[in-house]
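We call the chains A, B, C, D and E, going by the order they appear; numbering starts again at 1 in every chain.
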Amino acid sequence: MNPALNSALSINSGMAPVATPWFFYALAGMAVLSGVFVITRRNAVHAALALIITLLSVAGLYLMLYAPFVAGVQIIVYAGGIMVLFLFVIMLVNIERSSKERAFNRMWPVGLAAAGALMVLFASAIVKGSHINDMFRDRLMPLPESTNTQQIASLLYGEAGRMGQYTFAFEIASLLLLVAILGAVIMTKKKI
Amino acid sequence: MPNFIMSYLGSTVTPGEAGSQFWALIYVLIIFAGVSVAVICMNWIERKALAHFQIRLGPMRVGPHGLLQPFADALKLMLKEDIIPAEADQFVFWVAPLIGLLAAFTVYTVIPFGPSQAVSDMNIGILFMLGVSSLGVLGIVVSGWASNSHYPLIGALRSSAQMVSYEVAMGLAVVSAVLMTSLNASGTGTLSMIGIVQAQQQQGVWFIFKFFPLGFLAFVIFAIAMVAETNRAPFDMAEAESELTAGYHTEYSGLRWSLFMLAEYAAMIAVSSIAVTLWLGGWMRPFPNLLHAPAWDFIFSLFPGLTFGGLAAIAMIGAARMPAHSFFRIQRIGLAVFAALLAFSALLLLVIAIAGRSADTSVAARFREGIDYVYWFVLKVAVFMYLFIWYRATWPRYRFDQLMRIGWKVMLPISLGVLLLTAIVGVILP
Amino acid sequence: MVPITTLHYLVVAAALFVLGAIGVLTRRNVVIVLMSIELILNAVNLNLVAFSRMWGNLHGQIFAIFIVVDAAAEAAAGLGILIAFFRNKETVNIDEIDLLKW
Amino acid sequence: MSAETNEVSSRALLSSDASNRSALERSHLDLETAEKPYLDSNELIINMGPQHPATHGVLRVILKLDGERVLGTECVIGYLHRGVEKIAENRTYTMFNPYVDRMDYCAAVSNGLGYCEAVEKLLNVVAPPRAQYIRVILTELNRIASHQLWLGTHALDIGAMTPLFYTFRDREEILKIFEKYCGARLTTHAFRIGGCQYETYAGFEKDVNNFLTFFAPKIDEYETLLTTNRIWLERTKNVGVISGADAIALGVTGPVLRASGVKWDLRKAQPYAAYSEFDFEIPVGTNGDTYDRYLVRMEEMRQSMRIIEQAVSRIPEGAIMGKVPKVIKPPVGEIYHSIEAPKGELGYFIVSDGSTQPYRLRVRPPSFVNLQALDVMVRGLLVADVVAVIGTIDIVLGEVDR
Amino acid sequence: MFLNHIYLIPLFPAFGAVIMFFFGRRLQKATVNAVCVGAVVVAFLFACFTVVEYTHFAHGTGHPFEKILYTWLGSGDGHLNFVKRDGTTASFNADAGFLLDPLSSIWLLFVTGVGMLIHIYSTGYMAHEGGYYRFFGYLNLFMFAMLTLILANNYMMLFVGWEGVGLCSYLLIGFYFHRNSASTAANKAFIVNRIGDAGFILGALTLAWYLGSFRFTDINVQARGGHFAIGDPVLTAAALLLFIGACGKSAQIPLYIWLPDAMEGPTPVSALIHAATMVTAGVYMVARSNAVFVLAPTAMKTVAIVGALTAVFAASIGLVQNDIKRVLAYSTVSQLGYMFLALGVGAFAAGVFHVFTHAFFKALLFLGSGSVIHAMSGEQDMRNMGDLRRRIPTTHWTMLVATLAIAGIFPFAGFFSKDEILWQTWASEGGAYRILWFVGYGTALMTAFYMFRLMYLTFYSPSRMSHEAEHHVHESPKSMTVPLVILALCSIGAGWLSWPHSLGGSAHFEKFLEPVFAREAVVLVEEGKSAQLAAGEKEAEHTDKTEYALMFLSLAAAGVGWGMARHSYARAAKGYKEPIAVDAPPLYKLLYNKWFVDEGYDYVFTGRRKVGKVRLGVMGAGEASSWFDAKVIDGAVNDVGWVTKAIATISTWWDKWIIDGVGVNGPAILARMISYPARLFEWGLVQWYALVMVAGLLGFGVYYVWK
């Protein structure tokens, strides 16, 4: 944050987030609504588009949580990468038949019931937890936004001369990605 | 109120950073309008330049030298019947161009036209930019699928594969530039677009010349990848008219089609802006460190006015050279008015430059600085725009497999090597 | 207006999680099942980032990044399997994937 | 297990067509009863044309694709069929003459030359030498024009827009000469049975010489744009390869045949008109790919210029019309006469029953025959190459469909 | 400046080799030429500057320049230690170090110089061959290894180069690997060299064990430090072992057999590797170890005798060979024998001088023969040549110069060096080696004979070519003849560097080398007193008369050899008879078949039951051991195997029916019967499993929430 801020032009105080509760409700509503679309749309492309909206909304929520780097990763990896892959695959396996078939399996009532039970469980946990003192703290700790990326980087890679806390895990994650790439290529290639 | 405006003009940070929604909104509107105008200009320039490359005249009828042609086109496209094929997926067909447009325009929130001339200075600026511009591919994929036709589908698959592939090399090239920002005392780099330009300012060198072949190589890789990324010739596989009639927008017409065009040109300007920001010193004028005396500042600040003056002179000559026939009278008058407008702008700019030449803190000086920043930025972007046209006039089209081969087997290894070498040199050299 | 607290985020995350669970449990189309899994992972990520904000350190965000990596790997492998499967059976319905049933 | 069989079978599907058997042994692509696709290939059948920017008119090519790879093609022709051969049976020999211009409208002069010479042969008439020279000059000019048109459209198909405008600019000069000579630019109807209708206009030689000096640097200009352009090389080298043997077996003629290394040009092999009196080379390619065809045609333009130069400098004086009866009634008999049109061997087979109208007239159009080779050339290539190959065969649908 | 970057000299050709290795296949010939030849030219120039700078550095004291880059094997911190003979520990420590003293500077100059000329020559000679880049890559790699060898400052580093040149020799002999004979020859060279290498590494390690260091400077200091008696047994053993290595690399009896076969490689390779440079590595190594050898008179004697024997033996074979390259190959072996003779009698400087001159004229001979072969379109048999003098004049003249040089005609190079060796042999040890002088003298006679035989058969005698070959004869391109001319000039002039005192010269060469072969070494003589050792010390100044006589005699020998050759071959027409074959057929047969040594080795070591065409009923050693291995040892192994198999059969039956049948399958069948109802619950739907997971999650959640 530049200290040479001209006070005449700032309507809010310097550190105050642009985000207002309205933003939160809009984003959360959009995320949940699109989530509903994801699981109810018959057409997979529609579902994918709905999922993209969910992902972008969640990215917005990350920004509200002062996690811009995670938000950026969310956009670039999820929305830009994974979802394009999904759309690609949907187009490759697109068959007319699927739009005329049942969208849900035979055990959908059981599944719905189980998911409902899960929801009840979450609700009760949240309700119970919010009574316990300090379990879900109301006041949010300040996180510096302007150096978020740098701090994540120093956690991941360490600072000069010192290995980061998560460097090894990060390398393993890259290995996982490599394995996934190789597996996907080998499985899908027609003639190896 | 004037005080409010003036005080803003004197601000040294972006509105987003200052938390000023009002100014941010104004900025968004200015940029939206500016980009739209730029696209229109680009449209006209491309048609004229391409025509002159090809020993034609290009549009000449609508307005003097076809100056009003883009507006006529836009009007025509807007008034055309909006056709959605019967078998198409209506909703997706409708939404696809919007996705592309949204992605192309959202990018502009972080493009720094000057140290404070941006909507916001995001901490993750370049990451955000890459991410959002990669969303553009969704619009293309979805449009190809929604058309429910073979050619658009093939075009969509081609272009999405192409964009995803070239994004890799592009990203690596960008990373090597970002890596260069960390070559300071604290060893901390930045992803912020403004920060990147400031890093170049501090290090006293545009990143294209940094570690000489390395920065240049990364830049070249980016410059190639950005042509592929925007589906322009010679990588315009997705809309190869001789193969796929028109690629993913074969079934589109009217306004929707024009939205695709708008998105494409906006994306071209956006990626060029990235290239300018990352490697060509963004808003900085040439030799800011070498020729840093106030006199030089003044000389360079005359450039915008002179440019406009030159354009006005060209327009004037054009008006003078019109055939002396009554048919051309209106055109001649129109061109003369246009020239007068340009001349007026030139005068205004010169006045500002002269008024703001000495006092560092005055509003006029701020104004002059802001104009300088935007001018140099736009000039650099304009060079890229011209290159896009030049490519299109010169080269045949690559074949799809050749394109992918270049992307994966040439560009990716080179960019990886450049990245590695940049890292090594960055550790060893300073 | 009530200020937004961690709890708010937790509710959104729980809702997304349940939606994902429903999708995984009831949909027939494998692609949508995979998308539902992404939904679940996003819910988890939201929780992690929210808690990271609550405690004021960045470990939660690091975990979120790891989960994004994992999601990418999972999507790649899952869709690869799907394509291989589709080539052999010409279907993407999960209840028809039962060759191993005996 | 399955992977292995898949691999074997798919290879059998692809490569048995591509390499194991020669081009002619391949069974013709049967689109309707195509065998069930193998599990690992998603076949896609798309229609290229008749409305398509790159099929040079109204050609319709049905492509069977595996992804973007071409498994087979089938050309559907006839969208421009006008029954030219049938019309000939109801017109006198003289009346039919203008019709031939409408076949290969890019090389109308060549068509007329072939027809006139065929009828002259039937009548046992020889055109006077001055007429022969005029014929050669105009025919060779027309060859250059045809090649220019080909070059522009071919480059456009491959994505290079600019050469098209350059070639059209220069083609205009030829058309101007045509217009001055006979009043028409495209369908010239320049020749008559027995010679030429028109004497050359004053300044004809000067015009032609001017054109030659104007055009020589232009070819270099085209070549500057394309010949060493990396993308052009990548797009054309080893694309659409056809061997000389295959080409001969398929009856392919013209530059396509010569690019495959077969030195066969009717102007040398069976000299007609006055060609035996000129000194020129026959350019031959080696690889039979698209690039070689391009080079052969570029060189042919240069050779045409050589011929024109010699013809103009040596044009004899004299009559331009031979002794032809007022009413053309050839004796009973049949004749086949062929000439080297820009696109290949253009032949006329005329059966005369002694009346004023042909009993049967059959045209052997080069485009029609050359188009056969499309399937051989494009199997295993990509969709983009199909466009390039169609361009390189240089078809004119008016001639294919007649 | 150059001296400090001496390590760059080997790296230039190494760079060329690396380029060829990675990109060679894609490069144009011109590029290959530019890279490879350029690398060697640069190396040569660099070497010249380096030596010039060294002479300034040394100021004529011969003080060696040592540049140690880093410790390459072992380290100073206690790793890789070994126990020395005296019980103290020393660390195994080999540097990547470079040593430049007069000895190595001489080698450096002629290796790079001759190598450069041969590279240039090869661009012409190999122009029409396949694998052009491969050839040059190998050549460059060879240059790298050879330069490493001669610039090394310790035995281990030298060994790296030693093995490197061996490898390159192998690769280049087998360059035409599709030819069976070539690949066999390559294998032969490689295997025979390995025997020598084993000796070398053992000798080096023995020295290290005894003296505690690999560095030449350390070893020299120690050996000359007066701590060891003359004839110290360990040093003698070490010297002998080193000499075995030298035998292998420099083709001495009994390991010389690979060199003639090595002529299967391209001719430039024969010239570079198998005549001028690599084969002199043995000489270099012995000269380098002179301090040790001086302390081991037995070893010295062995060297001298082996050298003399090899010289005469190889020369005798060379008398009758018909393949032009083979004659030269045996000549090389013979000349190498000369060099070892010189070393053995303590005349190190004379030996080195002979190496120096020999490099020029032998390289010239090989390259000339290559030019002849080139002209004859691949024909190598001298019986099918003749009368080439006018057709290929440049080749003829240059080869004539080389022949005069090798035959020892005054004032060509060979005269000085060979005469020096003979004179030293005559004079050393007060004449103890005079018998060897006679051997050497005979060899000189034979040398002159076979060399002029070659000349007459090739250039002077009436043409015996076939018509096609005659039609194609042509002079070689400039790239081949220019090196020939340069080498010819060198062949004339190289000898003048050491114009002997007796002829009024000043023997610069010996003076230059003097510091290396320091005569004032202090040794421990038997009485326990320190004394000056005068190894190879001559009283040259007093016996000028004898020296003149010997000079005259050797000139006479050369003249006689020339005359005999002229008499026998000057008019050799088609189908001529060898005079030896006419006069003494058995001798001819013996010589022609190279004393049946190859066959003997075959019989002894590889187990063929015949020597040449003669069948012997008895097994050779190789076959005997093979038989022993196959029948006795393998037989025992097989018997044990049979017993095991029998036991295993019984065990299998038991396992299959009793263990598996009752013990394993029984419970399994039981379990299957019991599990059947349980299996009904699983119906193969993936989502069912997901449901179970959700149920589990619920269970945990409920437990934790309402605990």
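Keep in mind that, in the parts below, contacts are C-beta pairs under 8 Å (C-beta built on N, C-alpha and C of every residue); 3 or more make two chains touch, one makes a residue touch a chain.
This one's a predicted model, so the numbers in the text were calculated from it and none came from an experiment.
Participant: Can you name the chains that touch chain A as well as chain E?
Facilitator: Of all the chains present, those in contact with both chain A and chain E are C.
Participant: Need the most distant chain from chain C, centre defined as the mean of C-alpha atoms.
Facilitator: Ranked by distance of C-alpha centres from chain C, the top chain is E.
Participant: Using CA atom means as chain centres, which chain is nearest the centre of all the protein shown?
Facilitator: So the chain sitting closest to the middle is B.
Participant: Report which of C-E and A-B is connected by more C-beta pairs in contact.
Facilitator: A-B
Participant: Select the chain at the greatest separation from chain B, using centres from the mean of Cα atoms.
Facilitator: So the farthest one, by centre of C-alpha atoms, is E.
Participant: Roughly how far is chain C from chain E, going centre to centre by Cα mean, in whole Å?
Facilitator: Result: the chain centres lie 69 Å from each other.
Participant: Any idea how many Å lie between the Cα centroids of chain C and chain D?
Facilitator: 61
Participant: Express in whole angstrom the distance between the two chain centres, defined as the mean CA positions of chain A and chain B.
Facilitator: 30
Participant: Multi-chain contacts only, two chains or more: what residues does chain D have there?
Facilitator: 40
Participant: What positions in chain E touch 2 or more of the other chains?
Facilitator: In chain E, the residues touching two or more other chains are 685, 687, 691, 694.
Participant: Mind pulling the residue numbers of chain C that touch at least two other chains?
Facilitator: Only 21, 25-26, 94-95 qualify.
Participant: Provide the residue numbers of chain B that touch chain D in the complex, in ascending order.
Facilitator: Residues 50, 53-56, 150-151, 154, 233-234, 236-237, 240-245, 392-402.
Participant: Using the touch definition from the top, list the residues of chain A that touch chain E in their complex.
Facilitator: Contacts found on chain A: 105, 107, 110-111, 114-115, 117-118, 121-122, 124-125, 128.
Participant: Okay, in this complex, where on chain C does chain E touch?
Facilitator: 21, 24-26, 33, 94-95, 97-98, 100-101
Participant: Note which residues of chain D are touching chain B in the complex, please.
Facilitator: The contact residues of chain D facing chain B are 44, 46, 52-54, 68, 155-162, 164-166, 169, 225-226, 229, 231-232, 234-235, 382-387.
Participant: Quick one: in the complex, what on chain E touches chain C?
Facilitator: Residue positions touching the partner: 682-687, 690-691, 694.
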